[in-house]
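Since the structure comes first, as C-alpha cells, the remarks are kept for the end.
Think of it as A, B and C in the order they're written, each chain with its own count starting at 1.
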Amino acid sequence: MSLLEVTDLRVSFPTADGIVQAVRGVSFAVERGRTLGIVGESGSGKTVLTQSLLGLTPGGQISGTAVFDGVNLVGLEPKSMQRIRGKDIAVIFQDPLTSLHPLYKVGWQITEMIRAHDKSVSKKQAMERAVELLGHVGIPRPRERVNDYPHQFSGGMRQRVMIAMAISLSPKLIVADEPTTALDATVQAQIIDLLLRLQRESNTALMMITHDLGVVADIADEVMVMYAGRAAEKASKRDIFYQPHHPYTKGLLESIPRSSAAAERLKPITGQPPSLIRLPSGCAFHPRCAYVMDRCLTDQPELVPVAEAGEHRSACWLPAAATGLSDDVEELRRRTVEMGRTDEAAKVAEKIAAAPESEGSVIA
Amino acid sequence: MSDLLNGQAPAGPEADAGDDVLIRADNIVKYFPVKGNGLVRRTVANVQAVDGVSLTVKRGQTLGLVGETGCGKSTLARCIAGLIPVTSGKVYFEGKDITNLPRRTMQPFRREIQMIFQDPYGSLNPRRRVGAIIGDPFAVHKTATGSERKKAVQELMERVGLNPEHYNRFPAEFSGGQRQRIGVARALALRPKLIICDEPVSALDVSIQAQVLNLLSDLQSEFGLSYLFIAHDLEVVRHVSDAVTVMYLGRVAESGPGNQVYDHSRHPYSTALLSAAPAADPDAAAERQRVLLTGDVPSPIHPPSGCRFHPRCPKAQDLCGTTEPALENKAGDPSTHLTACHFPVEAGEDLARVGRREQS
Amino acid sequence: MSITEVEFQATAVENAPVKSIEGRSQWQLTWRRLRGDKIAIISMVVIIIIVLAALAAPLVASATGHGVYQAFPNNGLTADGAPVGPGVHGFILGTDNTGRDLLVRILYGARISLFVGVFTTLLGAVLGVSVGMIAGYFGGWVDTILARLIDAVLAFPFIVLALALAAVLNPSLWIVVGIIAFFAWAGIARIVRGQTLALKEKEYIEAARSLGAGPWRIMFVDILPNLLGPVLVLATLFIPTAIGVEATLSFLGIGIPPPAPSWGNILNAAQDYYQVDPWFVIFPAAALLITTLAFNLLGDGIRDAMDPRTERIFAGRKTGRRKNGKRGKGLNLDNALLVGEQATMTVDHPVAPGEES
C-alpha cells in the first residue's frame, strides 16, 4: 500500500467574488522511498493541494480522501493533525525565515521540535541530536552553530537548518514546497544533493512542489503536472520529459530556453492561466491549447492511461498514441485535430493562432 | 590594480569613435560605506559591491551578465544607468563620458538608456493608471502631450502585446507577465538605444517568461536595440546573449562570446555555476557531474585576498590566495574570451573529480 | 516580498472576476469596502447632519426670531436670573446664562468647531505632507534639520504655549487656528516622512529616476498619490482632536472670545449652572461628543477600508474588523485569497512604517 494515497481531493474557498476552486479532484499516491514531483505554475493549485493535506488551509472547503499510513488526513481534527505534522510528515518551505522563529537559537528550536513529539528525550540528548543533525545536513562547526540565531545563517544554510529540523523526527514523508526557489544555482545544487542523499539513507518519501522543471528533472521519480487545479499529466520523470502527451506539458517543455537550441525562437504557451473562479468550460486548458477540438470546449477530460505499460496518464482528448515529441506524433496530432474541429473550436484556435505572442486581455 | 587587471588597453573615449561599441564601462568601482554607530557615524568599512569591472555592449547586441546574489551585477547595472554614482571608473556612451553627470546634463542620455526591472509588482506605481505610467517618459522629456501622447502610448501597448483599451486601468489589474510588458513599453517609449534588463523574467512563470523573452528579441531586431541583460538563470542568458560576462563577488571571473563561455568555460567558478544550473532534461541531469562548491559566498565587506574565489575553488593553490589573477586572454582561446584565473580549466578536465578529492 | 507572495498575488489577480476589473482607483475600492461598514456610514450621516445644521444656523435664528447675540432677559431667564430649560417660552433647548437661545448658540458654535477642525487639519496636512515628504525624499542634512524640527514641535508643551500666547495676544479665532495648526503638522509630517522613506526605496521610484524625472516630479507624481490614503485617515482622525482642542482652549478662556459662540465657551459659561439647569451643560457637551465621536468612527472606518489586511473575505469567517489585523505570518493564505487589487495595497497601511516589517 502506498504511504499516501489521495483520492479525488477538492479544495475550494468561498470569497466575496465567488468560489475559488483551487483544487478540483486530484488523485495520486506517494510511495515509500520515492519522490513525487508536483509541477505547476502560479494558480495551478499545487501549493493549496499540499497545504490542504497538512490542514493548513483555513477557510477552505475540502473533500475527498487523503489516506496517510492508514489515517485519513481530510477532516482530521487539528490535534491529531498536529501530531502527524512534524512527526510523520515534515514540511520544508520556500522561505525558511518565515518558518524559523527569529528570536530563538536554532539549536533550541530543533530540541523543542524533538521534545514536543517525544517527552522522554532529555534536553541534553535533544541538543546532542540537534548538533548531530546540523552536522549531517552539512553545516560546518555544528556545535558552535546551534547557538546561532536564524538570521546569522545564509539563505542556503538556513534551508539546511530547516531540513535538519524536518528530518529530526525521522518522518515518513517530507513535503518540500519550492525549497530551492529562493536560492542561487550553486546553493540550489547543494540542497538538492542533500535531499537526495538524505532520502537514500532513510527511505523517506518526498513530495517536491516546484515550478521549475529543472529541479524535477534532478530529483523526482514520478511527476504530476498540474493546471488550473487538476492533474494534466502524471507519469514517470522520463515519460514526462521525453514522451509528453498533454499539450500543456509539451508547451511547458518547449517554452524553456535550452542550450541545444540557443538561437531558436522560444515557443511560449499563449494566453494566461484562467481565473479559478470562472473556469473555462470543458478542458480548462482549451483557451490556450493549439490542439483545441470541439469536445475540449464541452467535456472535461479525465486522467486516463495513455500507455499500455506503466503508469502514464494524461487528461487530454488527443488519442493515447499522440505521445512524444517526434514529427510523426506531431503529424498524428495535426490530423486528429483537423478531424475533431468544427465552428466553435476553430474560432478558438484562430484566436490562439492570431495572437501567438500576446497574453490576451485580462478578461480572457 | 585596474588597467593591468582588465587585460585591456586603457583606451580613451576616442577608441569607441566609429566603432560599434555603444556603451563602455571602464574599471567601475562601487563601494557602499558601512557607517559606525557612534555619534559622528564614521565610515568603518566598505561593501565592495563592484570592484574594478569593465565591459562593453556593442550596437544591436546583447551582453548577458550572470552571477549569483551579491556578485554586484545589479549594482553595476545601476552604475551604468547613472542611477547611483560610481566610486571610480568611467562610463562612456557612444564615446561620450557620462560618468556621474548631474541630472540635467544626463537628461539627453536618459533617453538613450532605459531600464526594465525585475519585480513586475514593485516597478509600477500602484496608484497610477497604466496609460500614465507608459506615458511618463513623454511627460518627463516633454516630447508629446495630450492626445498625441495617448496615441503614442496606445501604439506602444499594442506593440508589446497589451490591449490598448486597457489604457485607464491600474497595474493591479494585470497579471505578472502583462505588468512586465507594461515595463517594457515604458522602457521603449523614447526609442532608446540601450535597455538594461535587470532580471526581467525571473519573477515570471516559465510559459510567460518565454513570451516576454520573445517580445524582447522581436523588439531588438525591430528597433536595433542593445541589451545589457542581467539574470541568474544561465539558460535564459544563453538564449538571449551574444556575449556573456560572469561576475563573482564584485569582479569579472570570465567574459567572452556566449558559446565560448558556456561550452568552453575556463574559470572554475563559471564551470561550477554552469554545472549547477538545473537542466530540464533528466538524462542530462543524471549524466552531468556537478561541481558542488563548498561554503558560502564570502562577505563583500571583507573579500578574500588574491583571487576572490580561492577559498571555494577546487583548483586553488597558494598563489591564488596572494596574487589577484588578471582578466586576460588564455592560450588557445579566441581573443575576445577573457578569464581571470591562474589555473584555468583545461578542455576535458573533470572539475567535479578534483572537487571530490579536495573534499574527502 | 517573498516569491510565494508574488505568486499568490498573481493568482489572485488572475482570479479577480470580470466585474471587479474595470479600471478602478483605490478610492473606488475603499468606498466599496466602506459602504459595507455600518458604523462608518452612520457616522458619515451624522457628520452630514451636523454640517447641514451648522449651515442652517441663520435659518433657525430667523425662524425662532432669536439672534445669536440676542439676549432675552425677560422670558429667557427665570426670576432668579437662571437660564430656562428646554421648551420654555419657545426656547427649544432652553437658554444660556444671559438669556440667549441655546439652540441658536450651539448651531453657530458648530460652525466655529467645524471650521476650526477642518481648516486647521487642512493647514496641518498641507504643511505636514510638504515637510514630511521633503525630509523623507531628500534625506541628508535636509532631513536632519526637518526631523529635529518635527521632534521639537512634538516635544513642545502645548497648553503652556497656548496659555503664553493668550497672555501676550488677545485670544481670537485665528490664534486658535494658528496654535492648533502648529501642532497638527508635526504629527502628520512625522508619519509622512516615514512613509516617504519607505516609498523612496520602491522600484517604481527608481524607474522614474531612470526615465530622468526630477525630485519634484517624483514627489508629486509618484510619491504623493501613495500618501493620500494614510493622510486622509490621519486627517479624518485629527479633525475631532482639533475640535476638542478648540473647545478646551475656549473653555479655559484662551480660545474663541465671547460673545462669539463656541461649544467650549458655552460650556465654560454653563459650569456654574449645572445644578440649576443641567441641560445648559448637557446640550453643548453632547454636540461636542457626538461630533468628535462621529469623526473618530469614520476615520477608523476609512482606515479599515483602506487596509486590506483587516478584511477577511472567507465567507462566514469574517473576523474582527477593528482588530487592526496582525494575522499569523507563516502561510499568508489570507493574502492568497484577497483579490489582487487589495493584496497590493499594503503601502496604504496608515501606521508608522516600522510596524510593517
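Basically, a contact is a pair of C-beta atoms (placed from the backbone, for glycine too) under 8 Å apart; a residue touches a chain by one contact, two chains touch by 3 or more.
Everything numeric in this text was worked out from a predicted model, so none of it was measured.
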item: Chain pair whose interface holds the most contacting C-beta pairs; value: A-B
item: Of all other chains, the one whose Cα centre sits farthest from chain B; value: C
item: Centre-of-Cα separation between chain C and chain A, whole angstrom; value: 49
item: Rounded Å distance between chain A and chain B, as computed from the means of their C-alpha atoms; value: 31
item: Chain C residues counted as touching two or more neighbouring chains; value: 3, 10, 14, 16, 21
item: Residues within chain A bordering two or more other chains; value: 42, 272-273, 362
item: Per-residue overlap in chain B, given as positions that touch at least 2 other chains; value: 166, 169, 173-176
item: Chain C residues touching chain B - in the complex, by the definition given at the top; value: 1, 3, 6, 9-10, 13-14, 16, 21-26, 202-204, 206-214, 217, 221-222, 225-226, 340-341, 343-345, 347
item: Contact footprint of chain A on chain B as seen in their complex; value: 68-69, 161-163, 166, 169, 173-178, 181, 205-211, 213-215, 217-218, 232, 234-236, 238-239, 258-259, 262, 272-273, 275-285, 290, 292-293, 295-297
item: Of chain B, residues touching chain C in the complex; value: 78, 81, 83, 103, 106-107, 110-111, 113-115, 117-119, 121-129, 136-137, 140-141, 166, 168-176, 183, 186, 190, 203
item: Residues of chain A defined as touching chain B within the complex; value: 41-42, 140, 154-157, 184-190, 192-193, 211-218, 237-238, 241-242, 251-253, 255-259, 262, 265-270, 272-273, 355, 357-359, 361-362
